[in-house]
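Next come the structures, one after another.
In what comes next, chain A is part of two complexes: it sits with chain B in the first one and with chain C in the second one.
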Partner chain A sequence: MSPFLKRILVAVLIVVALWAVNAALSDEGLFGFGVDAYSGRIVVLAGINIILAVSLNLINGFTGQFSIGHAGFMAIGGYVSAYLTVYHAQAWERALSGSIGETAASIIVFLLALIVGGLAAAIAGLLVGIPSLRLRGDYLAIVTLGFAEIIRIIILNIDTVGGATGFTVPGNVNFLWVGAFAVITILVVRNIVKSDVGRALVSIREDELASEAMGINTTRYKVLSFVISSMFAGLAGVLFAHYNRFLSTADFTFLRSFEIIIMIVLGGMGSITGAVLGAILITILPEGLRRLPEVGGYNLADLRLVIYAALLIIIMLTRPQGILGHHEFGLNWLRRPQKQPEGDKTVGDDRGVPIAQQTETERLAGESVKEEVKNR
Partner chain B sequence: MSGAPEPSAVSATKEDGILTEAARTARSHGAKEDDSGALLRTDQATIRFGGLIAVNELSMAVREGEIFGLIGPNGAGKTTIFNLLTGVYQPTTGEIYFQGQRIDGLRSYEISRRGVSRTFQNIRLFPGMNVLENVLTACHTHTKQSLADAVLRTPRFVRDEKEQREYCMELLSIFNLDRFKDEGGTSLPYGNQRRLEIVRALATRPKLLLLDEPAAGMNPSEQDDLLNLIRQIRDRFGLTILLVEHNMKVVMGVCERIQVVDYGKSIALGLPEEIRNDPKVIEAYLGD
Partner chain C sequence: MDTFVQQLINGLTIGSIYALIALGYTMVYGILRLINFAHGDIYMVGAFAGFFLANWLGLAATPSLFGLGITLIGSMIAAALIGMIIERFAYRPVRKYSRMTTLITAIGVSLLIENLGVVLFGNAPRSFPELLQNENYRLFGNAAISKSQLLIFGVSIALMLLLQWIVFRTKIGTAMRAVSFNLNSAKLMGINTDLIIAFTFALGSALAAAAGVLTAQYNPTIYPLMGIITGLKAFVAAVLGGIGNIPGAVLGGLLIGAAETFVVGYGQNIGIPSTYRDAVAFSILILVLLFRPAGLLGTTVQEKV
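Now for the complex of A and B:
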């Protein structure tokens, strides 16, 4: 199959899948199959969390810079777009609907809100990134954490967007919007990672000094990944605002940032599919545990927070690198065995002598050199 | 591959004759005159870390096409000099020129883009990448794809990616590393890791290659291979090579000119046999 046809096919499959899930979540259901509003909400929130986790993974997982301010960028996107839709959207929609109809007008206005929200978060990312990405490790973490809190406190004190009482937002975001943007986020991040830019980002994570020596402007690429990551967080904020129809600064505390970090650490830093898996697990797990049965007079559901914490600890103890680690889950996993078939490829030493043909002394000599190197 | 002309044997010997002359004057005057046209030149470069002067008024000049050795006992400041040349450190005083332009004060990546590439004393491959990706990363400044090309997977992206891959595979095959392309770079045997690091440095298409103790951790037979390899690289890619080395056999075997540093100061400059018999060098290495 030609790559072009394959792309079309994948696109059609994705659209059909999104539409089917959206229909199943709607009031009517899909062919009589549907879920209750509570479960539907969890699915949509999982979609928003996928956008957040996959985008944070670009900076934390692939570029190796530890940011814990993702909720701050999400808040910027949410509040900026909500300000637009609350104060200006009606007038714009009225102006547009005369020529293109009401539905099209509202879609266009919401797309505009998405663009503005994403851009605002991206600009904030640029402003925070330029000075703070000179810092490393813990210091960067603290700066981003502080930044997110500053954003939250500023918003808390702006009365036009509700201040402490919260901000009621119009909107009719459904799963179709969220799912489409989750897919877009995954595709964009994947395409970036599997490109020259992606290799530059990963090289910064692996060895910044060597990366610079290869001609890579590490500061520029750190800022770039930070800006892209912030933009998607902003988009997630826009979708959340118009799905939830109510914004409160309590939704954007550092706990939210940590939740997103837990998603990528759990799923596997540096794995897109891992981030998706982590986002879904972390969204569903606390809710799913509410349905635990009663055992021997004890209601396990009452212990859900304890069980949730214990599960996280167990997963991290058994898979410290995350469920998927650096690996990606894909069709290749199903198609071919994990290990390379032996025989056709002989691994040799650097003189080209296959290890299998080396004498014992040679092998031991090689080992001792390796040991020596390791102990350096 | 790069097509710079091979330096012919005849001109090399002729130059050597002049070099000896220059080297003699250099030893008494600090290696400054008639080196203004050198590919890489430092002028009284000094770096201080607090009270410690790691490199003290070092003047050196590496000429186009030569294999130049920088040697000295442990802690003499050799790697610090490398870090000065590649922008990891900035000199406290003094100047560094590459192709006649000042490069001190530039950042590492800018120096790399001008054509200075390096390997590291303690191999610094990218552990999370396979062999091919390690080399592809070094093609960064020569790619024609933009971020938008990558996101939208444009034909230009596909073409560029294919070209870079082919280039890297060609480079890898010269070093017999092409069959390891999908293996983790750091899971290769030690000697191959050193070679891969050289391939990665070459993928930036440098004019000057800096090798930081390339023979470290190698056994005698691997060292012999390395000597041939270094010469081959110079001839095949038309490069200039600056070598920091500890191992006398390697230095004497491959370098055309050698400068000796001790306590951050240049103590001798000349041809290998001159260096071998220089009382100052013997004293620095063996003590009084």
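Now for the complex of A and C:
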């Protein structure tokens, strides 16, 4: 099959799949098959989490910059778009609906809210990124966390968007919107990673000094990936605001950012499919634990958050590189694995540290470079 | 002037608490390069350990300095043990893996302690027994200092001096500094690094527990999630002072405590409502890091090519 045909086929499959899931989640159901509203909500939230995890993976997994402020950008997207929807959308829709009909008008106005929300988050990402990306490692982490908390506290003090009481937003986002944007996020991040920009980002992750020596403008690329990542977080915020129909700053604390980090580490840092998998798992896991049975007169479901935390620790102890590590899950896995050439395994890294003594990241990093070179 | 002195005293009180917790963050970071997110929850565990110990011994019936001392030391020992258990079973196995893995493990441990706390102690706040009859001492004018504030200053200064002595004057302190300088070289010099790391966790956890009991004595409401925001601010204090630097942690803690109190007290006059209280620590941190990327007392390590 020619690559072009294959792409068309994949695109058609994705659209059909999105439509089918959306129909199954709707009130009518798909050919009589439907799921209850509670499960439907989990599916939609998983979609939003996929957008968050995949976009955060661009900065944390591929560029190697440790950001834990994703919830802040999500909050900006959510609140800016909600402000537009609550205070301006009706007037715009009325103005538009005369010429193109009501449905089209509401879609266009929502698209506008999405664009503005995403842009606002991107601008915030730029403003936060330029000063903070000079910092390294844990300093960057705590500064991004700090910015996110400051954003949250500022929102908390703006009465126009509800302040501490929360903000009710009209909206009718369904799975189709969320799924479509999840697919778009995955495609954009995948294409960035496979492009020359992506190579530059990975080189910054592997060795910032060396990549600077190779003529890569590291600051520019770091800020770029930070801005793109923030923009998608903003879009996720817009979708969340109009799906949940209620915003509260309690949804955007640093614990939310931690949750997104957990998703990408669980799935495997620097793996897009890993981030998707992690997002789905972390969305389902706490809900699934609600259904735990009663054992010996003690309700295990009450312990679900304890079990969740314990599982997290156990996963890290037994599978520290995440479920997929640096690998991508794909149809290639079904093919027969190719044999590694002998000799590759015994060579140490450039500092002369034998592979056996390298830490897991160093070893994985080394392997990913080899893979990257092989794939070229 | 009276209000200013009063605000300063209150600010330094909270600051001393932040400083005690920040010391644990900074020591663990100095040795393992690990942000121990569970450290704030150890502070909570310390407060609850003191609560149960004091109630069990019935110390509230006869308030005395002796009873408070017993509670303080008991909860410090309990927290030190818990700190060592956490290190042994959660952090040691992942130490050899990437920083991200250890970080997520730390977040996991933190969530585990918080949620276990909610399950075991319940969500409702509890009232810490009054172990010392509280009195206010007039300083001058209308400014006053309470007995529990004096206690916080006294105990935290004593503990900080003790820590300084341990780190710089004892053999195990020398070993701690060696391990934080270079773990592998320290190992080659015959230092039992596992023991030193466990000791560091015990020391840091004991300080956090002391902070927990002292806070509970000053502000007697304790609840299982009390460690989240206090722990985060203490961590910010450690970074502000230069993470890995012991005097830096104290400086950062006092600075953040004072700044926070002043914003609550005087913020309205310059247009900052007191609801911005929790943003103060982060704003100071960001401003300082922009000009001194390694914190106030931290030294920038020149990267070698």
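The criterion applied here is as follows: the second predicted complex is superposed on the first by the 336 of 376 C-alpha atoms of A that agree within 3 Å, B and C clash if a C-alpha of one lies under 4 Å from a C-alpha of the other, contacts with A are read in each partner's own complex, and residues count from 1 in each chain.
Just so we're on the same page, a contact is a pair of C-beta atoms (placed from the backbone, for glycine too) under 8 Å apart; a residue touches a chain by one contact, two chains touch by 3 or more.
Remember, it's a predicted structure, so these values are computed and weren't measured experimentally.
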item: Partner chain(s) touched by A:Arg205 [first = chain B, second = chain C, both, neither]; value: first
item: Partner chain(s) touched by A:Val197 [first = chain B, second = chain C, both, neither]; value: first
item: Chain B versus chain C as contact partner of A:Leu300, first or second or both or neither; value: neither
item: First (chain B), second (chain C), both or neither touched by A:Leu176; value: neither
item: First, second, both or neither for A:Gly215, with chain B first and chain C second; value: first
item: On chain A, positions contacted by chain B and by chain C; value: 209, 213
item: Residues of chain A touching chain B in the complex; value: 188, 191-192, 194-200, 202-203, 205-207, 209-218, 224, 270, 326, 340, 345, 347, 349-352, 365-366, 369-370, 372-373, 376
item: Chain B residues touching chain A - in the complex, by the definition given at the top; value: 86-88, 107-109, 112-113, 117-118, 120, 122, 124-129, 133, 136-141, 143, 145, 147, 149-153, 157, 160-161, 164, 176, 179-180, 182-183, 188-192, 195, 200-201, 204, 217, 219, 221-222, 225
item: Interfacial residue positions of chain C with respect to chain A in the complex; value: 29, 33, 35, 90, 93-94, 96-101, 103-105, 107-109, 111-112, 114-116, 118-119, 232, 235-236, 239, 243, 273, 275-276, 278-279, 281-283, 285-286, 289-290, 293-294, 303, 305
item: For the chain A and chain C complex, residues of the former touching the latter; value: 60, 66, 131-132, 134-139, 141-143, 145-147, 149-150, 153-154, 156-157, 209, 213, 254, 258, 261-262, 265-266, 269, 302-303, 305-306, 308-310, 312-313, 316-317, 320-321, 359-361, 364
